[in-house]
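Chain naming follows the written order as A, B, C and D, and within any one chain the residues start at number 1.
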């Protein structure tokens, strides 16, 4: 213990002697880890956001598929489904996409029939009549209006429709509501000129949670042109979606890691004559091979541990304090209305562990042989100058 | 004070900070009740993370022909598609029953 | 005086069974008594340094035995040699072999790191030795900022910090002017008076002809050709 | 599937270990063939230096193995969500039965590598290194295990099919099944406890005798008791310790306690068990080595420490596993 502490002391002083070289190594190493860490943190936080808040999403959504495409569903299906045992209620949903050529963005128009009570995350109120609407923060920013102003959209008949804005969703809900325009159901039908007998899809409430899968099968059996989507599947999709994404990012980043290892290898193998002389002196005045190996081990540990912790800290600050500015363009793609989100810090220890494993193990493995090569320098070497 | 002690203190402080941050963010129970209320009221099924096309806006509601359901990956036009998996595993896929396992739901 | 080192029929062959095989030492037998000052002389390439490194347990002979007190060190695994080097020998090298980027104090502390002493004790021991050589004022200075004579004294201080029984010096005056060489002789005389055994490899007559050296072995082509004693 | 970060890390790490071990056993073969302690040739010197490389490589490989076992269980825990019906690591392991084999191989490797490192450390402290040949022979035998470990992991992870409905600990460790695991879970608690506490008791007694007396037969006895204790304890964890920890009479999963929900209590528990077993086995294992005079000295100087470490490990294990039994409000006997 005492011996290791002394050897650590020597290691630190020898690292400090080559401080520019080692600092640059730590910087590159920490940067690699911060990049990987940011990806993991961001995807995990998004995953938690999705799987956490979508637990109250509709238990079962039934779409109609016609000629392989999603089609409007006849409201008559409601009766067929509600007759199935175990179904609590079936509600037709009316919603659709709207492309605004002015701001060149896609909006999601949602029709609600009636909702009593206030929404905590809504500033103002939901629309009471056909001339009113509530909008997401992203829409508000794109169009520039505030509560009380008018939102002008072009309906399918090429005529201007004016909605009075009665509510804007709070920024906290951006990840869910950024591009929403909430209208009354009748107003939405009117806007899209949608038949009264049709709806976008049906939402099915179920008495017993365990029955959802069976019910989905029954609906599919009774109405073969439908496609039921369960809430579990939605959550599962989000779960795997972000796992896959972070896995892929890691796979790409392995390339970066490998090149870093080559750098480390190069650094460790390219022992300068000066360093070899130094190790020779140590051996000559009575250091054992194991002591020199311990120096090298500590060198690797100090560098990788410091870089790892700094990298993780940087990643945390990058993602949770600044909202991942370096990664957002990647996610954003061609979205015009990209939500400005403030992520709730959510970290999976497992991922941090994996990250540590993926970065520290290859580094240490790279340095074993070079450090042994240094450690077995003959003490006699120094006498031959 | 020796360099060793200084370094050990330095790394201990860093580790302490990091684990502190990680622990507060891994166990800190996030209050999602407001968001859940919103989701319930509007019947939201997806995040509004990417709105460039309808199959990226609602990955779980997308058409069967669109990128998410086609596998192996169809040619994709939108950058989001390149980082979101086609046909997420377990999404409407076949269910195989393992013989020696117990119940089937 | 008791016999400290007994060398018998020592051979050292480099790169054995290879095209560049080179015989460095042949059939060397000698004895060194405790408290003696012995010089190894001869032209360069005669095997002085090789013999010195064998005596100092830095390498192992091809055949023959080296008896250090009671144990035969010729057959010991390397890691035990390191311990012996650390505890029994103090080395003064031709090029001083100090770590140029380290401070004077740290250089002198180096031999004691693998010992059982705490860092504070090591520092204390090193400071005490440096004090003796009037180097106390430049503990924090980097070695590369020192003059040749100062470096020489730091190198001797480092050799003495572990309080060794035997001091091994390889061409200690090669880079010194005659005045500094005389200083060195005086230091060695003091050490010898304190009971240290000293083995010096040198071709500097001012050293091996000085009154300090009690016996001298003259080497040619890896053999002892002559033994002078005073 | 393969793109899961944990799986990536495990496979990468194992691949590196295999490479490292192949290198080590290549050096080991050289050492085996040409080692000659009495020679002082340069070749022998080179071989002596190579032993340093091999022991460093092995130390790193053992360190990796420790993390690898943790990571493997962690990963199995993390991917259970991908399987219908799986609720914890057991479910993921059941999804492809190779999973259990991987765990077994990893366990064996952990013990083998730990023994090797300890023997190596002993051997390197002597002047004549009497164990060189057995050591490097053992090394050459461990290497195929490492390769097997990589292969099985690959088989396991590539063979995972997320659509497969798996049984979970609920069904594997439930009293009604017909597997060994369910036999363990279904064992009458009173008998299981009796068995567990009697073996723990005899372990402690033999251990204390070993600390006091020097008889070699005690060491052999301790070895046997340690091995028995290990298996009985694993059984006990499934049978009644885990229900106490989870405070649920039918929850027998040995992995759930490694999760954050149970404040990672499983880690000290298993580490304690591992340490108690390993250090309990060491003195017995070293008895045959006492015929070498140089080793005997080293063994004698280390043995006391090993025994005390074993004692400490056992106390940790015992404290954690019995805490709930003694002080918890939950009672298993009511059911």
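Here is the rule we go by: a residue touches a chain if its C-beta (ideal position, glycine included) is under 8 Å from a C-beta of that chain, and two chains touch if they have at least 3 such contacts.
Nothing here was measured: the structure is a model prediction, and the numbers come from that model.
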Comparison of A-D and A-B (more C-beta pairs in contact): A-B
Chain nearest the overall C-alpha centroid of the shown protein atoms: D
Length of the line joining the C-alpha centres of subunit A and subunit B, rounded to whole Å: 6
Centroid spacing, where centroids are CA-atom means, of subunit A and subunit D in whole angstrom: 36
Geometric centre distance via CA averages, subunit D-subunit C, whole Å: 50
Rounded Å distance, subunit B centre to subunit C centre (Cα mean): 67
Overlap residues in subunit C, where contacts from two or more other chains coincide: 78-79, 119
Two or more partner chains touched - positions in subunit D: 49, 82, 260
Sequence positions of subunit A contacting 2 or more other chains: 5-6, 9, 13, 236, 240, 244, 248, 289-290, 349
Subunit C contact footprint on subunit A (complex, rising order): 2-3, 5-7, 9-10, 13, 17, 274, 277-278, 280-291, 378-380, 382-385
Touching residues on subunit C, where the partner in the complex is subunit D: 14-16, 60-63, 74-80
Touch list for subunit D against partner subunit C, complex: 38, 40-42, 45, 48-49, 124, 127, 129
Subunit B residues within the subunit A interface of the complex: 2-4, 7-8, 11, 14-15, 17-18, 21-22, 24-26, 28, 30, 32, 34-54, 56-57, 59-65, 78-80, 83-85, 88-92, 105
Partner subunit D, residues of subunit A touching it in the complex: 40, 236, 239-240, 243-244, 246-248, 250-251, 254, 289-290, 293, 297, 349-351, 353-355, 357-358, 361-362, 364-365, 368-369, 371-372, 375-376
